[in-house]
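Encoded as structure tokens, the structure appears first; notes follow it.
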Amino acid sequence: MTRHAGAAAGFGALLRGIGSFVWLEYKALLYYPASFFMTVLQSVINMGIWFFLSLFISGYADRYVASFGGSYVAYVVLGVAFHEVARTALKSPFLSIQTAFWEKRLETYRIFPQGFWAYVLGRFLWQLLFALVVQTVVLALIAGLAGLNFHPEANVGLALLTYLLFILSAFGLGLLGASTFFFLEVKRGVEPVGWIVDYAVRLTSGLYYPVTIIPAFIRPLSRAFPHTYAFRAMRLLLLQGAAWQTVAADVITLAVYAAVAIAIGFYLLRWSLARAEAGNGVSAVV
Amino acid sequence: MKGKAPAVTSKTVLTQLASVWTFGIREFRMWRSYRMNQLMWICDILMSSFLFFMIGRMVGDQSAELLGVYGANYITFILIGMGVNYLIATNLHDPFARISRVYWDGTMDLYLLSPMSIYTPLVGLMARSVIDDYPRVFFIVLFGTTLFGARFALGHIPEAILFAALILIASFGIGIISASTFYLFDFKRANEPVRFFIQEVMAALVAGTYYPVTVLPYPLQIVAALLPHTYAYDALRRLLSPGADLRTPNLVLHSALPTLTPIQVDGLALAAGCLAFIPLGLWLYKAGIERARRSGTLTRWQ
Amino acid sequence: MIEIRGLSKQYRGAPSDPQGTWISSWGLGLWLRNVFHAVSLSASRSPPVLALDDISLSIGRGEIFGLLGPNGAGKTTLIKILAALLKPTSGTASVDGWDVVSHPERVKRSVSYVSTTGWMGLEWPFNVDESLRFYSRLYGIPRSQARRRIEEVLETVDLGGHRGKVVSQLSHGMRQRLVLARGLLVRTPVVFLDEPTVGLDPVNARHIRGITKSRLSGARRQTVVLTTHNIQEVEEICHRVGILHKGRLIALGTPAELRSLAQDRLVSDLRVRNYAPGLNADLEALPGVLGVSCTVKDEAGGAASLRIHRRRAGGSISDVLRLLRARRVEVSFAAQSEPNLEDVFLELTGANLR
Amino acid sequence: MRRRAPKDDATREAASPPEGIIDVRGLTKVFRVKEKGQRTAVRSFRAVDDVSLRVGRGEILGVLGPNGAGKTTLIKMLCGLLVPDRGAGTVLGFDVLHRAAAIRSRVSLVAPTADIGTDNNLTVRENLQFWAAVYGIPRREKKQRIDELLVLVDLKDREDTWPMNISAGMRQRLAIARSLLAENELLFLDEPTVKLDPDGARRIREFVLRINREDRVTILLTTHLMYEAEELCSRIIVLDGGRIVAQGTAQELKRLVRGERIIEIFASGLPAGTASADAPSADAPSADIESSIRLLPSVLEVELDVWDGAVGQGRLLVKTADVDRTTALLLPLLQDAGARVEGVRSGEPNLEDVFFTLTGRGLAK
């Protein structure tokens, strides 16, 4: 019984810790409002580039996306918006650990019983909310200015569920990547998991062009990443107005992917952290 | 030590050049100790080229109608755009980053406490683009032609080199302006607004790296006319793409100056950019240093 | 309170490859190299570093224990192990009855760890007050108590007047006090202070020493372990001292006990005029003189400072003075000091008298 | 090593300064600090306030003060890295306000963190090569000068090591070697021993004295360590809150501390008498030595305590207002009287006491 009470108290402490880190990120944003503005602008520009590029070649490309509503512009814009959020989730854990490590805050957080996990989760939560808001605004902007042919009977609820599972899968991969910070000692630059996923996703998951035009020998690679299932399901649901039966397999795959990736990622990160403390520690100076 | 006083008292142009050379050597050593990292950008070039190769597959081989004056090969069109971006990356990005670094690690004080010109550390950076950027341009051409079916016209190589030099100088001017904001306006964060707006916002969106400027709404085309990038992309694509048209006007400024050929207009616009940005950059940089000398913000430590 | 038995810590050596140290690689090159090191047993990693070598020690409740040693002696490593931030390679350690390896979470609840070396890991968007509120939440201090405790520690470290300042506006000394305040928020049985006064001017340093002595050890009855390479600090506030050198505990005892280790030594400081080269050799030839170090300040006037290390038995300062008088060297000042901990340290490690 | 001969344009543009290498009056610097908070406010902060000082050729001047006293700000103004708000004067004969660039190219600075100016991508020797080019040292002199400096700072055997693999003390010496490359006659050392362990700090101090003595480098150094200033500096100025609160030699400053100090001397061969049961008589030799000590300047009180009359073993306590002067005279006097001094201990005031006396800031309890 005491064990349960202890676990509950620990969980409560973790939640308060997460809240504190969200507060910290919020203060950081107020401290440098310019960087907030620049981040938003960057997202708008990135979307703008892909919008104009897809507009430029839409005359040629529309026929390749006939099964997704037939508009290449809508196809790309939707993909980019969703991908940016997933990318945030993918990169967040590693970047959080890296930043805190070099600012010598990581060790400080280890002083507190739940500090490390509160930090990783709190920062992830903040960045996710931030990215969601920004990408929604950007999407609304494009839809308002140029018009996107959303299907009038789209199953929005299922699309949102898919989106959530997609983000969770990416976060699981992110935790996996973050663990390389300690056990592969990737202290600078980028980590391999996120890097490989990012590259492979851009090339094979159907983000910028349908999977069908990829050479057959590369195509199997696309099945290894949650993005492929998520992009297909969300585009079918929102642009084609597909029934839930069409995307059920994708959604279930995503759910399994999310559960497995988060479990493995969490376990590996915990293990690598323990390994680091048995070795050279988690501070920048030894 | 020799007792005889050296004849050289104030630094001559030659000794200033020697310091520039030393900065270049140092850049090379740094590059060399990070040499494994070169693998990363080779992967990067391969990935980007492959990405646009795939997008190009949707366009197909018969894209003369799409590209208009820029010939008929979409991957060539893209690779020239990316190549120019790689070529000017160091010049645009590193001056600010380097000034920021010498501020944070305190070396700016020591640089000033020497007979060296205040511009030497910046000019030394140009060496970085020789070892860091030029090979990228080479690799993107190599991969493009061998793997992704890009074709280049070889009839105007000297003119193309001239245009490459012009955009290098102009971008260096923008780089110095960006660096001078560090001291002039106390932009001490990683992101610097001047470069951000010129490069990441305006140039990225409207100069036409991935699509011709003509696809943009007309007001954005006017914005594009203000950027040196636009003219570099235009001229280099016309000069290097097979089947390109050297005569038909394409940009806003081309139509405004109908008596000159588009290439001539591009050249004039780029030269004007160099003449405007370099002196402005040097002046702002000096003003920034003087301002920091008054406010005591040359380096982090006080 | 703290029990340490046979504690050792070995760091994996950082590769010191002359072309591209670990810090200079990132991305693909770094991954490949690290994977290679991970799978290859014969990889040419640099040898491991033994940071702590078989340390045994026990520290009682309410004690102020000083860990003295030069840079790189292993002081910080020991403290980090005791704070459960690092696991030992072998040996055991327990803090307040909890083993640091098997119960790190309990140990973390029993200790405050204050490290002020280098960049202190403060939160730049927060001001002093917000920082302490942030830390009190991470410590899980109930909201109802947090306010009172924050006021209390602000008063202790004398930052009450600066509560609205963000980190970038604080001076170095204030930042150090803010880190100390973080450690004081919880009333743990043990407090670790890692170089609490390094780089501070005497006023700030004394303030922190005062807090350590009167507040932590005195009023709050906390056990304090502090590391320092400042000898006066140890003599001033520590009940007991351990001297670490190259990872080994080479001496342990009260400051007075340790001083007695160098009991047979005396150090005489003389300031002279008309110093002439060659005097050193003659002085060293005197009975009981172990060594003479001399710094000449003004060659023309022959003004110099002499530091003479002597054995207590055999010879006396008179011999020195007589020799100087014979050489017409004018003594403007003479002082003889009892060995202090610095001399003990130098005696034990042989780091002076090269 | 020999200083380079005065540079041509230096001699042409400014008559060689007879009044001192540094001669400044009324230097003042006010910083405007942005208070970023709920509302951004600008607060001004007087970092250096009306400082006048003069440094002669070959001198080591110490600037002593707590953190934030304005030491670094003062140095930066003297280097030409910071424009003073008010004040005038010359450094190396150049006007501090209008010829800052000329000053900058002729002085050297070692910053408090040794890592400033040390590039981790270059080895020890390559670092010096890099800076040699920055300082415009002719190619043919470069190698020889670097070799000499490496020997001087005792880093010859580490010349191919990466800076991060040598100790903090060695990096500090590398920084000093870097500053000596330019062979400037004026060197600013900003807290040269901060963050070093005692042994490392001692080596730096010995080294500072050596370059001052052998290379005739004029040095201005800042520190907040009292004994360091005392050991190194021919003159010390004490800075607090941007103002000079005292200046003089270490001895002069110590004299400022009011209150008595005690010199304790253990000796044999002292004339017995006082300690014996007999009433002190005028003809006893002990009374004689006591009274003659009492006649020495600054002596306030004398107490002789002989516990072994046979060999005259005992202790002499002298209370004085000026330890140095008394000691200087006391020791020969005792020797003349045939006493064999075995030990001297003096409660000498250190500069820390001076500092507290001057700034009126006691211990923060």
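A few comments on the model shown:
We just call them A, B, C and D in the order they show up, numbering each chain from 1.
Everything below uses one rule, namely that a contact is a pair of C-beta atoms (placed from the backbone, for glycine too) under 8 Å apart; a residue touches a chain by one contact, two chains touch by 3 or more.
Model, not experiment: these values are computed from the prediction.
In terms of Cα centroid distance from the overall Cα mean, chain C ranks first. Set side by side, the interfaces C-D and A-C show unequal numbers of C-beta pairs in contact, with more at C-D.
With centres defined as mean CA coordinates, subunit D is found 24 Å away from subunit C. Centre to centre, using the average C-alpha position, subunit A and subunit D are separated by 59 Å. Inter-chain spacing, taken between the CA centroids of subunit A and subunit C, is 45 Å. Note on chain placement: the centre of subunit B and the centre of subunit D lie 51 Å apart, centres being C-alpha means. Within subunit A, residues 31, 189 each touch two or more of the remaining chains.
For subunit C, residues touching at least two other chains, in rising order: 21, 23-27, 30, 166.
For subunit D, residues touching at least two other chains, in rising order: 36, 121.
On subunit B, the positions that touch subunit A within their shared complex are 37, 40, 43, 47, 50-51, 54-55, 57-60, 63, 66, 74, 189, 191, 193, 196, 200-201, 204-205, 209-212, 215-216.
Within the complex formed with subunit D, the subunit C residues making contact are 16, 18, 21, 23-24, 70-72, 127, 158, 164-166, 168-169, 171-173, 198-204, 206-207, 210, 214, 229, 231, 266, 268, 271, 295-299, 305, 316-318, 321-322, 325, 330-338, 342, 345-346, 351-352. The part of subunit C that touches subunit B in the complex is made up of residues 19-21, 24-30, 32-33. By the touch criterion given at the top, residues 1-6, 8-11, 15, 18-19, 21-22, 26, 29-30, 33, 105-107, 109-116, 120, 293-296, 298-299, 301-302 of subunit B touch subunit D in their complex.
Looking at the complex, you find that subunit D touches subunit B at residues 1-2, 4-9, 29, 31-32, 47, 72-73, 76, 79-83, 100, 104-105, 107-109, 111-113, 115-117, 119, 121-122, 126, 129-131, 133-136, 138-139, 141, 144-145, 148, 182.
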